[in-house]
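Here chain A shows up in two complexes: once beside chain B, once beside chain C.
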Partner chain A sequence: MTKKKGGIDTAAVAFIAPAFILYTLFIIVPAFSSVYYSFTSWDGISPVVKFVGLANYREIFTSARFGNALRNTVILTVFISIVENALALLLALLVDHVKWFKNFFRSAFYVPVLISGIVSGFIWKIMYNYNFGAINSLLTSIGLGEWKQDWLGNPKLTLLMVGFVLIWKGAGYYMIIYLASLQSVPTDVVEAAAIDGASPWQRFKTITVPLISGAFTINFTLSLINGLKVFDQISVMTDGGPGFTTETVVYLLYKVGFNEGRQGFGTAVGIVLLFIIIILNAVQQKFLKSREVQL
Partner chain B sequence: MTANVTMRRKKFRWGPILVLLLTMFLALIFLAPVFFALISAFKSNGEILKNPMALPSSFYLKNFQDLFEQSDFVTAIKHSLILTVVSELLIVAIVPMAAFAIERRTSRGMKLIYTYFLAGMMIPFHLYMFPLFKQMRLFGIYGTLGGPIICYLSGSVAFGSLLYCSFLKGIPLEIEEAAQIDGCSPFQIFWQVTFPLLGPCTASMVVLNGLNIWNDFLMPYLVLPSGKAKTITVEVFSFVGQYTARWDIVFAGTVCSIVPALVIFVLLQKYFVKGITAGAAKG
Partner chain C sequence: MKRRLISMAVCTAMVVGSLAGCGGAGTTATTATTAAPAGSAAGSETTAGGETTAAGAKESIVSAPTALTYIFADGDEGAKAAMNEIVSQFNAAYPDITITIEPGSGGAYSELLKTKESVGEFPDVMEMRDTAVYQRAGMLEPLPQDIVELFKTTVEFDGDTYTAPLAGENTNGIIYNKKYFDDNGLTEPKTYDEFIQLCETIKSKGDMAPLVIGGQDIWHIGFWFYKAYNDQVLSGDPDFIKHCYDGSKDFRDPAIKAVFEEMQQLFQYGQDGWVSTPDAQITTFLVSDMAAMMYSGTHMFSQIETADPGFAYGWFAVPSPDGKTRLVGGGGASGLAISAESAKDPDKKAAAEEFIRFFYAPENYKVYVEKLNAIPSTVVTPDAAFSPMMNTVIEALDNADDLSCMWNVRTGENELPPDFRNFTYKTTIEVIQGQRDIASACDELNKTWQVAMQNFNPVTSKQ
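Up next, the complex of A and B:
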């Protein structure tokens, strides 16, 4: 497909038109109408849309429920991003160094990624069960019976318990990215450092980490965005409870929009969420990008 | 992780063994819940409650029988399959062509469109879902399988064009130029010359995107008509509330959700890895 001089490039237009039209109609137009609806008291059904100015935003920033949801979201997201990345890097290092069954282990760590959010939430809900769950029976059988808990019923623990499920489900994905990055680190540099007497830890810290910093940036960005968007596991495991202890911003958005028929308010929450994503992303990019090293 | 330098002289090294043991231990933790779900589907409720991690005592299929008798699970499977397969076919028909136009034209307009597409990756679904449903009603696709399909299609434009553009860079222009000299139209050049060379990219796109559609919950849950079976994922979700005392049935449902994904993964593993790393390299 080489370019003709002058005139409209009909072939190119025809090639791109279907994607362009669909993307515009079903993503961009709704996204922009969200901005409009966030200034209304729209209930999602009635054709009458009443303009309420900044009332939704005022409510967001003054309501205790949103404050609570925001706190839960931040705790969950920070917890997931840090633990998930540390674990994914460990898994990648192990798979990279293990001498036997490399491919098997790589697949094994990836398997939870294949499972849907709903199904993974259900499996763990059963495993967390007080009377019949695998976690408590395991604790009993190794003599730690006094640690038995109602894992999802204890308001202090629930959010972290949901977080563990997300980490278990997501780590394999980030492992693949770390692994590809580790495999691109030139071995001669590492070997040269070893000959110069650098310990494994020194080699890891001063050679490997700077060279895989691009993967850190990508993985932290992805895990952050995914953490902010968690929905499926919460809906099947806790429904935001006990009380409001696992109600996140996205879950609040869903509940007010569908259960309480306040879609205008819901979209306003969505707009705030987008700004949170953009701001966190910018801060993180600035922090991580400045540490990236290219060979 | 290599063993200490002081260990070098000895023939036997502990390092690799320790690495193997640690990896095995972690793999066990990662696989145990999946294993638990798979075996529970073949156990009666009593057996699950008695010892969650024990193997089924016999080849017990009553859960599946109950699942198909007590719910319209066949429809749910059918819907999941239609949504995944039809969406992927349409995505492959539309997205690579768009990426081809972007990548093979250097005009400023195309650059702008590319940036416009990539912006879509930042917008969370939850932000625009309420107006989206309104938009779907306007087009008469709300409450039909066409609704989610159109949305999956639109939603794949961003990541899809990123993936295809990065693969297209590696395909030499000479082949296309030769085809043009031979009198092929742009349409023929793309579908008969370039597209076959994009096979690995298409495979990566289809497996990663298809998995997301297969596992999706919120869209079919909210868009498909209520009162009837929707998709496997949605059915599993409603079972959790409905059969609080019959975990065995729910597990039979989860197996129907997990096994197809697992089989595709085992067969097409390398395309999962390729797609994730190619997406991350530019993302």
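Up next, the complex of A and C:
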């Protein structure tokens, strides 16, 4: 049993202290200093920091470029969240029901998760290449040359193509969470429903889905946050282009902060993004948690 | 108790281990090998200052072993090879100085440098492109007079020179497939209209695209943009940017609209998928008969010769619509620079300055100039083996009606706000792809300009 001095568990404090100190120094302190810099016109290099009040925030809410970035972010995030979770659930169901090589399939679907974002971006950038990429080359070789597309150059397609890469990379991670949840569904309940004449779809819809809704909550929350802060693939594959077609809020923050010497404005964009994430997450949590069922 | 002590020790070790991962040099940095190639400055002759010891190494100019970090834009293979070779030779000649080349991030060089600065890893020596920005922030060390005197022209800021120009501005022109031209009876155009007709002729033949455009790299778009900007804007007003700063002009000017129109006209002759083609691939297009012409700088000559030593190519300057020949040339504000922070250490300062002297010594600078087919910036011209094509370019420069540096490297009252050029190029892509019309592009440029001017205005800030 640990000894407590004056009500403080010194051992517990000693164990928590390193992580707490690091977290404070590298997360909390920069976050608070970011709030300060968001009210300045600091260029990120100069020792002079000029206070400009709410000018940065006024510009954000009247800027067409921010509006475009926000729209791209919402489209990408919604697309990724829905498709990624649907695919992850499908993969989890497949792996859960497959009789042979279960471990192999589970590992194979998880491998893309282990690849770094930058590397995955490079791989797909080469595959998407209009003239020399594997996708267009394959289409040409099987007689579907007219289906060739400029995957990363067509402004109507580029955002979705970036989304596909993110889904390919992330689905395996969410699959593991769904798989764990599926394996915790009591088999006797499912069997009882089968005996009562419920079809596979009815069993899935009325028993399995409510019982794995906790996994839905976790996975949708994670994919929402990850979608809102995607950076690596956009940086490598498109640099926010063509034009500004794939420029998201995070990428805009990076571009204005580091390229345009407007660190103050970039920081204000970051603060606005933080509030967007908090609000969206709160709404999503309220909606999904209300649907959770536990036996 | 014993278990608790072991747990505390493990926790402490984990914290120390995680902190040990912070800071320090990047793990991907490479040190140029100290093995000097044959014929290098490690020979017994004295080169860039300093006496040479009997073993071939120079006498020490530092009081203790000194390490320097060096970053340059390594997107061009020729530049990369040249820099690696020169640094290797320097490290061999000065055994107590070690220069480590760090990755330069290719096309995102300006962003890389700012990122490096923000994480406290600003290099000791670097290729500096945003000279005015960093000079104003007090981050660059003035170069000593003996180095400044090595060059034909340099750019001063408040009476000091901060950059040693790597070369004269890279002259852009059309590099074309000579065999294709000869086989099809095509000739170099003498007027802008003839150039457009040439593109039409090649397009109608259907063998290959008239032009290959590396649109994925934003700076490649800049080559074309500056041509159109020079033709339509600077031809009428060389101080257009200054006039935008003082409010007498703005980006809704008809000249800017004409720039977008010229870009639309030229880009219709680009290959399919131009917007996602990286600059590094355009050589492949040319030598593989997928495109007849490319518009780029003289640094491409060595890349073409490396890709296909037997490929016959020609070069010509694209005339302006008004009949004049306007070329990128002359000196600019970018070049090799020394970090002011690094220069506080006398050994690092001495080592950095010696490296710059060494770099520009004729027998070493020759390596850079030859690999990039660059116009030498030094007073003493290195004995570089220029190709006949390079001589064609030099002749064109001598006969051009106008020589100017790119709009994004100008200083003083015509200096662009930080990264306005990339915003302009991206907006240009939107116009060419039909995502937005010219009028709204001009409005958007103007809005962005008005915002940028609030933070940076070299004209009104002087008043």
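Methods note: the second predicted complex is superposed on the first by the 283 of 295 C-alpha atoms of A that agree within 3 Å, B and C clash if a C-alpha of one lies under 4 Å from a C-alpha of the other, contacts with A are read in each partner's own complex, and residues count from 1 in each chain.
Just so it is clear, a residue touches a chain if its C-beta (ideal position, glycine included) is under 8 Å from a C-beta of that chain, and two chains touch if they have at least 3 such contacts.
Since the model is a prediction, treat every value here as computed from it, not as a measurement.
Colleague: Give one word, clash or fit, describing how chain B and chain C relate on chain A after superposing.
Modeller: clash
Colleague: Can A:258 be said to touch chain B (first), chain C (second), both, or neither?
Modeller: A:258: touches chain B and chain C.
Colleague: Using the superposition described at the top, determine whether chain B or chain C touches more residues of chain A.
Modeller: Touching more of chain A: B.
Colleague: Classify the contacts of A:11 with the two partner chains as first (chain B alone), second (chain C alone), both, or neither.
Modeller: In the superposition, A:11 touches chain B and chain C alike.
Colleague: Pick one for A:170: touches chain B only (first), chain C only (second), both, or neither.
Modeller: Neither partner.
Colleague: Could you tell me if A:22 is touching chain B, chain C, both of them or neither one (first, second, both, neither)?
Modeller: A:22 sits against chain B and chain C alike.
Colleague: Between chain B (first) and chain C (second), which, if any, makes contact with A:44: first, second, both or neither?
Modeller: Touch status of A:44: both partners.
Colleague: Check the residue A:227 against both partner chains and state whether it touches chain B (first), chain C (second), both, or neither.
Modeller: neither
Colleague: Could you say whether A:116 touches chain B, chain C, both of them, or neither, answering first, second, both or neither?
Modeller: first
Colleague: Once the structures are superposed on A, label A:64 by its partner contacts, choosing first (chain B), second (chain C), both or neither.
Modeller: Touch partner of A:64: chain C, not chain B.
Colleague: Considering only the contact definition stated at the top, list the common interface residues of chain A for chain B and chain C.
Modeller: Dual-contact residues (chain A): 11, 15, 18, 22, 44, 131-132, 254, 258.
Colleague: Any idea which chain C residues touch chain A in the complex?
Modeller: 4, 7-8, 11-12, 14-15, 18-19, 108, 110-111, 114-115, 117-118, 133-134, 136-139, 215-216, 218, 271-277, 281, 285, 290, 417-420, 422-423, 426-427, 429-430, 433, 435-436, 444, 447-448, 451-452, 454-456
Colleague: What residues on chain A touch chain B, complex-wise?
Modeller: On the chain A side, the touching residues are 1-3, 9, 11-13, 15-16, 18-20, 22-23, 25-31, 33-34, 37, 42, 44, 90-91, 93-95, 97-100, 104-105, 107-112, 114-120, 122-127, 131-134, 137, 168, 172-173, 176-177, 180, 197, 199-200, 215, 218-219, 222, 225, 228-229, 231-232, 235-236, 250, 253-254, 257-258, 263, 266-267, 270-271, 273-274, 277-278, 281.
Colleague: Spell out the residues on chain B that touch chain A in their complex, using ranges where they run on.
Modeller: Counting only chain B, the residues touching chain A are 1-2, 4-5, 16, 19-20, 22-23, 26-27, 29-34, 36-37, 40, 48-49, 51-53, 94-95, 97-98, 100-102, 104-107, 110, 113, 116-117, 120, 122-136, 150-151, 153-155, 157-158, 161, 176-177, 180, 185-187, 189-190, 211, 214-218, 222, 233-234, 236-237, 240, 247, 250, 254, 257-258, 261-262, 265-266, 269, 272-273, 276-277, 280, 283.
Colleague: Which residues of chain A touch chain C once you look at their complex with the stated criterion?
Modeller: Chain A residues touching chain C: 11, 14-15, 18, 22, 41, 43-47, 59, 64-65, 128-132, 150-153, 155, 239-245, 254-255, 258-262.
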